[in-house]
């Protein structure tokens, strides 16, 4: 018999029907479901023995103590110590080594050679974005060893403050409740002081302050001077109310509050003379304001160290070679400010950084550095501690090959003997024999005198903290002149006043939870406008727009915020935008 | 070949013209399938739905389409259970429409869920307290029933019936069709209802939440009534449309008239029920859960106009038109009334789906809006195209309108004479 | 718990019912196939798809009814009305019906089926089956003829033999039930040995009834051939011998379907 | 038989977002892909900024962390789920979501009045290498399923195991804290067993000025908020019709 097409059809149909009664299809269904449970591409968390390690957070000068949950060598969660939690950024510090924007390769030799071949007459400078570290001392020694060497700090190290004893805090835009000092200490104190926030925009701190003075941007100095005059029992200059946009009686009442409800404390985002003057008038010096104390340093270092020069006080067009240490960012000076100091004819800029987001965009050489929690460094004394402290950001993970340790690089450049600086410093502290060292694993703190150096050193490497026993010293710190950003000059072409909100750099991609996935914070590259202002600029919520200043323009995205004062544009400032806006600027927003 | 497939005495347009008609729809279908494919492969991020707008165009489409498809079960019920023989003129067409609507809806649902591979979980771990379970069960069962009802219509095709076994099976199945009609009625009745219940049970969405009887909120019953009211209207509409497009007389005018009358009656019942329900909701249910009802309509663009449009413009007015014989007899009025009825139900489904989700519930959240992405719209259009194609093929190659031949044979539709006693004239008196 | 029982119970019951229905249909159709009821069923379906005007009872043609649709698929053997009417008015031969109708010969010695086949009882107890004049003229130039083999069984309204002409594939309906004895006679097509001895021919038209029936048939034919033209066939006009040749443009499939009740 | 719940002191919340980030780290929630806005993101606990609608120095703002309110009565999301992917654990009163059971129909999201449920619109993707930092106690979810706060159920299990290891039946309260509670720098979020009248949240719930969101819906949420400011307590009730929120 020969098979026809019909037979084939019959066979196909029959087998199809038969298949249903075999386990095959059902088994397949189940398997597809199982497969969808661990879809290809869904990462499997590594399992392993879990243990705890301690270190200190190096992301901001606050330097909180950190307890890391590690699977094997890998930290999987960072938390603060009981009662001293971390901020949102600190909680995800362990992501930074894997930041997509990270740079791990750089032309080390070429950079060294280029520096070596500079013309020796032009000065060579190190800009240390976070002064007060042991690394800073290394820089100072190196710069002392090099002719025309300069050690630059972005600004004078502001004095330490004591929130705990303050009853009234007058803050000129200081982000008190947004990661200013260790969150824990601030909030512990917050219970006890009354906060008057002077700020043009409704920042979270302003929102939570007892009194928010929505001041006209740039007129802070005027207000501070006015209050100072009131404290001196002088009359209030009539134009102040108009200038600052704050009614006279309110200024008067604020002045009365700070005067009567002492001890008072005046703080600011950027230190400025009028503020220091207020602190002096209020007698805060020595009560709530102290000079920042440093941990002991080896004798040999202090003898041969370049002086700390603030960046502002350097002569323009004088720096031939500028080395910038961005490995521990704190304040970011807009490029325009930096550029002013460089020699006009091709200056050499070398930056130590982990990403191109900062000065890497302008420097000839970017030398990759380790990031927290890879770095080994100490932390400058905290803003809120009157006593000197010394603690290490001990590495939790090993840095990748090819990264540079900035102080080592600079020391080698200056032909300093290569010695383990941190260890020497610890040695000096141990020799001084003052203070106590506290370790977190057992939560004990013992006088340094009673521990051997090796134990002291290992305690520090396990996130231990040395605190000086020597209390705060009375002599008031002499205030140095610097200026609060002056009101930007009126320009009809640029109608809006810029208020920048710094975005800590770098931050884990997971902070998209705050920046993108909720509108809790103004995300980088976004600007906030009052609805009315937005209407005038012809932009709508979420629209793409261009921000224009005298220095150029950049693409931004608009958020409408009815809380914003009209005529002000608030910029979530990445370094790029800070370069664009500078310390104080006017701008206009254009629809694109 | 093409002609061999078309039944005798049913003039159909030449093959070329048919192909020309298919082309645009096929293109649309292809585009839509591409869009749907994107959603399946890349995930639902291709849509503009989001955590606030968890449902969007697709759910709205499903609800509407299924309501319109209700004609299939309701006509089946009238013809086979209530023995309303006049309507057998449209029953086949109704079945095809029902099949198209339901299969389309199910297809879209499969794209809409995040994990289509787990669709069968609902049958494996059913949560019988969930209206969605009821919907899933009923719709899948009813789709099977519809397919079985569709089968004989296909087997009736001139070529297929040449095969003896097909012929016989079709014959035997058709004898038992009333059982299927019964089952279909039961299933549809429940899932039309549970589709309404879907929203009525949302205690957390006071805009949609309704009290009701036993485990069923009032929307359960409202959906049933509205569906059976609009089902005949939609059949009326499609029949009229098809006969316009094909330029053939498909059914006797009385049939359309009857459909209109049924639809009108049920629609008026629906309008009444809906009004009562709305009043109860405004005055008791909604305030009871802490939401003053006026607040829902204080968010643009959804003002009280939408309530008015739903109940009066697209409810009461068509109902009246369909109830007044004089108006009903005018095709223009009849058809536009049917259209309005359909739109009314679509609007009702829209309000329940979109407005419910757009309205804020927390004191500090906002009224959100949503615009479907092209992928969503594409998928939507694919279903429409699919429907048109299936119906076109069915209309060309199957006999959807039994009366068509008769009307062809006797162009002047004379009133059916009745059999009478023999007149006793001599035989062969010629 | 109770909820789930009720819920699932209900649905699985419905599913069971549906499945049972389909299964039942399947089984019945197997039986039907085994019992070779295919022809009956096909004729049944065909008949029910005919427009009402063509499902007319033979007694309308004779004027006893003004309107009546045949409820028995043209099988008068099971029709009480038919028997009643026949009983009430026994056959009176008013005038001898002539063989010539519209120039076509419809001999009196045979009975006519509505599908244009005839039956002639033969002296030897068998019957012969053939195509009537009108049928012959329509199928005047067949391309192919498929005759059943001797010994094949025939059923009333089943397929007697097939004729292919142009695009038309015509099943000629068998007027009687029986077994084919011989094929291709001088004026007949099939010689058939009727089932149970003598043939039951009540359901066939007697020569007397042919005329009014034929009248309608020719109208229909005319309509099918050229819907536009005026009915010239019926009113005494003599029908051309070879219709197929004279209407080349006619849709032959449709014409034959119309005339030979193909459905 | 415990009934875990929270009390959130809105007056103490500074909107620092530590809770949101800690939650994401603990529960292996991936960073938002390109193009995900605040309406497609996944934030099991989300802090909203609300204000009193005034301008200038009269403007008062507050931050409201909103997470799954763990409704105790007629839990809206449980009854609607067609395949029992959501269930209330009778032992703890925690409303749990089973991602591997979830079909992704999003009906529960439509049912939730607090918008506390989130859908995985994308495949979970971490920058290369970052998957090493995932929490081994929690499995990442696949695309196309719904997820939500479950009071860090992984931690509850861990605490349970520790208790078992020291052969105790009950876990000791200090041993089980959700990540957000642990991370909150101001201690605005407190956690405990509401059945235990002495527990912190139970006490907070009793003090005046404490309220729950949309209490009138009758879903008996287990998250108690507290504020001394009257205008803040307004947020507990239904929307008034005028725009109030940033967040």
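We just call them A, B, C and D in the order they show up, numbering each chain from 1.
Note that in this section a contact is a pair of C-beta atoms (placed from the backbone, for glycine too) under 8 Å apart; a residue touches a chain by one contact, two chains touch by 3 or more.
As the structure is a prediction and not an experimental result, all values here were calculated from the model.
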From subunit C, the most remote chain by mean C-alpha position: A
So using the touch definition from the top, which pair is joined by more C-beta contacts, A-B or B-C? B-C
Per-chain Cα centroid nearest the overall protein Cα centroid belongs to chain D
Separation of subunit A from subunit C, taking each centre as the mean of its C-alpha atoms, in whole Å: 99
For the pair subunit A and subunit B, the C-alpha centroid-to-centroid distance in angstrom is 61
Distance in whole angstrom between the CA centres of subunit C and subunit D is 79
Computed distance of Cα centres, subunit C from subunit B, in Å: 41
Flagged in subunit A as touching 2+ other chains are 36
I need the residues of subunit B touching at least two other chains; which ones are they? 115, 118, 121, 126, 129, 133
Numbers and ranges of subunit C residues touching at least 2 other chains: none
For this structure, enumerate the chain pairs that meet the touch criterion. A-B, A-D, B-C, B-D
Please give the residue numbers of subunit A that touch subunit D in the complex, ascending. 36-39, 41-43, 45-48, 50, 71, 74-77, 79-80, 85-88, 91-92, 94-95, 97-100, 177-179, 183-184, 187, 190, 202, 204, 207-208, 211-214, 250, 508-514, 516-521, 561-563, 565
Considering the complex alone, what residue numbers of subunit D touch subunit A? 12, 14-18, 20-22, 24-26, 28-29, 31-32, 36-38, 40-43, 46-49, 51, 55-57, 59-63, 100, 123-144, 182-187, 243, 246-247
Where on subunit B does subunit D make contact in their complex? 43-45, 49-55, 112-115, 118-119, 121-122, 124-127, 129-133, 136, 198, 201-206, 288-292, 295, 298-299, 356-357, 360-366, 368
Listed in rising order, the residues of subunit D that touch subunit B in the complex are 33, 35-37, 39-41, 48, 50, 64, 66, 74, 76, 79-84, 101-107, 109-115, 117-123, 142-146, 213-219, 234-241, 243-245, 247
What does subunit C use to touch subunit B in their complex? 3-4, 7-8, 11, 14-15, 17-18, 21-22, 24-26, 28-29, 32-33, 37-38, 41-42, 44-45, 49, 51-54, 59, 62-69, 85, 89, 91-92, 94, 167, 208-209, 211-212, 253-254, 257-258, 262-263
